[in-house]
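Each of the two complexes below includes subunit A, the first together with subunit B, the second together with subunit C.
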Partner chain A sequence: MFRVRLHGRGGQGIKTASQILGSAAFFSGFQAQDFPLYGAERRGAPIVAFTRINRQNILERGPILVPDILLIGDESLLEDIQAAPLCGADNFTAIFINSSRLPEKLQENYSLSTLPHVLDITSLCVKFLDNGSSTSAAIAAVGARLLGQIEFPALKEAVELELNAQGINSDLRKKNIDLAEEVFQLLTPMEVKERPEKNITSSKLISSEQKPVVLAAPIILEPGNMALRKTGNWRLDRPEIDYEHCNNCLICYARCPDGVIGIKTDGSPEIDYDHCKGCLICAQECPGHFIKTVKESGSWE
Partner chain B sequence: MTTLETHYKKIKDLHHEEAVAPGTGLCAGCGGLEGLRLGLKELGNDVLICNAAGCFTLLSVYPFTPLKGSWLYTTMGGPVPAAQGVRDALDIQLSRKTLTEDDNLSIVVVAGDGSSNDIGLGATSAALHRKLDFIYFCYDNEAYGNTGFQLSASSPYGSSTQTTPSVKFHPVGAELNKKNLFDIWRAQEPTYIATVSPREPIDLSNKFAKAKNLVGPRMFICMSPCPTGWGFNPKDTQLIAKLAVDTGIFPIKEYFEGKVIHTKQPRRRLPVEKFLETQKRFSHLFEPERKSDVIEQIQKTVDKYWEPYE
Partner chain C sequence: MGIDSSKRLMLTGNKAAAWGARLAQVEYVPAFPITPQTEIVETLAKWFADGTLKGKFTNMDSEHSMFMAAGAGAATGVRVFTASSSQGILHGMESIYTIAGWRTPMVVVNVSRALATPITLEPDHNDIMSVRDCGFIQLHAETCQEIFDFILIGYKVAEDPFVCLPVLVNMDGFYLSFTREPVLIPNEQKIKKFLPEFKTSQPVFKASQPMARASAVFGGSTYTYFKIQQDLANRQAEEVFLKTSKEFEKHFGRFYDVVEKFNMEGAEFVFVMSNSFSTKGKDAVLKLRRQGIKAGLLKLRLFRPFPATAIADALCGHDNVAIIDQNLAPGMGGITYPEIVASLYDRKNRPQNILSVIGGLGGKDITEGDFLSIIEKLKSSETKQPFYLFGKKDEENFERLQHLAISNKEAFQS
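Presenting the complex of A and B:
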């Protein structure tokens, strides 16, 4: 059995990628299982999806804790403690990272146990779709190619099926198929190290002792402590204020839904990058277009 | 046309202190959050928020809260009964002098359109009947957004939702009209009702400043463009909020002392398709072929609304 775990950000198409990969495997004669982990997070927040692929029936259920292939759609997730995309990865795990950096650099910087497979999916998506965050077809193509057991026609059929189900028009579906083909050609199948299957043993029933309810009662002692949670790494693009031209009209400040644009003592606006989710309303609404957008590419180097 | 008492004239006049801390799990570009942020700036920190289940469930995720005030989480139908309970408890304590006036809180209900129009409406009506002293903030993104965008009584005619997609036998999408919550509330003559848009921060803040000093039920409906559910780029949230006002689809008005006044009336209304064409939930009205009858029907409804005022 191949267990593929996909990590990305909401809105990036990670769930769809897992579906395309599952369908592509199915069209290649495999049994397949695909599903996302539903949580209370959304567009821009870390998302996890899973695909299980097997020749025989798949009896395993639930999230994949030890993946054979890790597909990481957004490099900045590697620095996110809550997303923890490397969790459960071992020496058998093949890691793919969507990045413009060299595999050696990534391995060193994130202390990866194996050399990752790397491709700049975002740039390819911009090239083919004019949208760097619609990565579903490309990520699925990476998974299919690395596995080496799925041929392109099956992938093509899966892209067509899944994107059609999402209401994507035929023109855009065609572009996605071209993108998937390009990805397919740029990568070579990895060496598949199939993990020895473990026998599942039943676990012991644990009975826990009754504790006072107050121990579990949620008490928040510090008002406004949500600020401890950094949402800055949700950003795909970063708004930057051009202070030379900014006339401090503060429209950006008024229009920011998250209230992350503060006002400095001199009356000029200032973006809190720890929390800015990168919706880019400020850049869109600035009357003089003095806020430019810059692609995010991780904080190191 | 504007007869609103003005506390604020410029953006620079607004309170600089934020009442909602960043870091929440709400979608980037959430229109409802912008409305709440501006509204709470005005109400200050001495509030107790009764939050109905919905998107804003994500405001406070234990052990974190973005609010400086208190927060009580309720079921979808329960925020107004909760508000009544908290108000009564505070009033009893105040009358027994076990609490001083300094400890008093304003009760704010925060609920989505599903809770406001469907599940919680009965309890709201009862509270309006009892003239409960509270502020109600409805963030209206015209569907059950938190669960994946299913039809609510607030979903407009012609919009596609998870439960009303445009299909062969139902090409229109949602076939029912949006419930007129403003007039439903108005029939029970609360102290104050206003519709607000995040794109009009001055108008919004003035309305909250006015409502803050009144007593009795004070109701707000906030137009909340939803990038995820409506299908548009998050950066266009404010643009779409503006188009909703400029096309006349979302009238910005207030009800006070028996009168309804439009505080931001578009001088020349834009055709409704300017608003519709920006969102994926209406894309079936334009592709693969244009459904002119549906678009015309939407335009007619808007025209009919504005007829007496123009």
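Presenting the complex of A and C:
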């Protein structure tokens, strides 16, 4: 069984990548299973998707806790405590990171137990698709190639099928297939290590005691705790106010759906980057286009 | 309008429920009328309007908002009462599950009425069974007196710091709701001693104190934790009910066990029943005993939490048991039947012969003859379950109506 866990951000095509990989494995004669995990979050929020590939029937369901392959579609997730993409990875786990940095530097900086596989997917997506965040075909190609069990024709068929299902036109599908082929050629299959099966050990279950109602009901007594939920890491792009030209009209302040643009004492707007989700509505709304957008990436250099 | 000494009044079940709410000094009643419950909210509306009751009575736009308002009202720390029935319960279902999770105490009366389709106004228990799993406490009343008493006991159970759950008191539509019988209404001061003003044991909604009672959780652990706590609190209510019942007895002289055993000594044939038709069952038991048949009856009273031990204790040692469900889960049968059978499973001397009976649907009577037929069925070797109380006469009745409904039969047969 190959258990592939994909990490990315809402809008990056991570779910589609897991589906392309699932279909490619299926077209190659495997049993396959794929599914995404997301809640009430939105574009930019950390997303996880899973693909299981096996010769026999797959008797597992639900999230993959111990992945054989980790496909990390956004490097900044490695710094995100909530996304925790490395969770459950062990010495048997092969790690892929979409990054322009050297594998050795990434291994050192994120204390990875193995040297990661690295490719600058974002740049390739810009080159082939003119869009750095449409990574589904490229990420799926990474998974298929690293596994070494899926031939390109099966992958091509899967990209065609899944992107067509998403309503992507044939011209763009063709570009995605070219992109997938490029990724396929840039990588070589990894060495697959067989994970030994462990004996089942019983869960440590407890006998619950009744608690006083304040602790037993889903009551929240502390108001305003949304401030504690930092959503700044959802951003794919960062809005930056050009204070040279900004005339303090405060339209951005009024339009920000998350209310994270404040007003400084001098009357100028200020973005709270701990909570700004990067929807870029402010940039869209600023009458003079004085809010520029800057790509987010890992914070270290 | 205050009464200064205990008195016996001829009251319908609905009026008894209204009196229960009145003497429990309820402070907030969100209401929506539905036959056969309307008399309850009409009576309360009048008492709020003429100043007999202090507080707020609000006509809501549906049962959905009514139950939500009841939960929200209770979350502000006031004593809340409301009532519904049948399709109203179904319409309020989303709110019913929601407020059970809020852990806000209140008393709700359900006036049982069978569910559509076909539409009827007459009683059976599918409506009350539909909220079996929502997390409310359930008490089933046989008499108008029980309705009144259960409302007072209900508030004490609901408001117990270790319960904090809504209590649902059930009565049968028509058979109790519109039936007048004498009800002893104790003196107001005496009731206040038993049931003082509501003092909440948890933080409450206040304008100055924002809070939430319906947080969203993710991942299953937190959800499971709260659900286990709901279960533990509901189970705790059995002990609290018994304690409260004993206290009630001290004040008013009537004691209510979680189940009621009627002529169970030496009974070879036991009918398990609930609500108002138990009275008919008791009458049949007495007549059958006079005919030399050793019959007995076990009446279910506290239905949630389910008093499995008390039920098993009562039934063990008796050979033949007929569980009469006035409800029907199509494709499965009677709803209380499997619960009762499960409670007996680990008992060595459990009854060997247990029959599932379906009767009293949509207000259909259960007759003396039906009870004897059940005994004959228990004696026979035929094992087909469930046993429907539906006879020759019923079929003829139906066919007469069908004839009217489909007069031009040929049109359908061709």
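The rule we apply is simple: the second predicted complex is superposed on the first by the 282 of 301 C-alpha atoms of A that agree within 3 Å, B and C clash if a C-alpha of one lies under 4 Å from a C-alpha of the other, contacts with A are read in each partner's own complex, and residues count from 1 in each chain.
Quick note on the criterion: a residue touches a chain if its C-beta (ideal position, glycine included) is under 8 Å from a C-beta of that chain, and two chains touch if they have at least 3 such contacts.
None of these values were measured; they are calculated from a predicted model.
Of the two partner chains placed around the shared chain by superposition, subunit C is the only one that A:V214 touches, whereas subunit B remains out of contact. By the document's definition of touching, neither partner reaches A:V294: not subunit B, not subunit C. In the superposition on chain A, A:P257 contacts subunit B only, with no contact to subunit C.
Of the two partner chains placed by superposition, A:L102 touches none, neither subunit B nor subunit C.
In the superposition on chain A, A:M226 makes contact with subunit B only, not with subunit C.
After overlaying the two complexes on the shared chain, residue contacts for A:L115 are found with neither subunit B nor subunit C.
On subunit A, the surface patch touched by subunit B in one complex and by subunit C in the other comprises residues 40, 218, 220, 223-224. Every residue of subunit A that touches subunit B in the complex is listed here, in rising order: 10-11, 40-45, 167, 169, 218, 220, 223-231, 234, 249-251, 253-260, 263, 272, 275, 277-281, 283-285. Chain contact summary for the complex, subunit A toward subunit C: residues 39-40, 208-214, 216-221, 223-224. For subunit C in complex with subunit A, the touching residues are 101-103, 161-162, 164, 201-203, 209-218, 222, 225-226, 228-230, 232-233, 236. In the complex of the two chains, the subunit B residues touching subunit A come out as 11-12, 14, 16, 18, 20-31, 33-34, 37-38, 45, 57-69, 165, 198-199, 201, 227-228, 234-239, 280, 283, 287.
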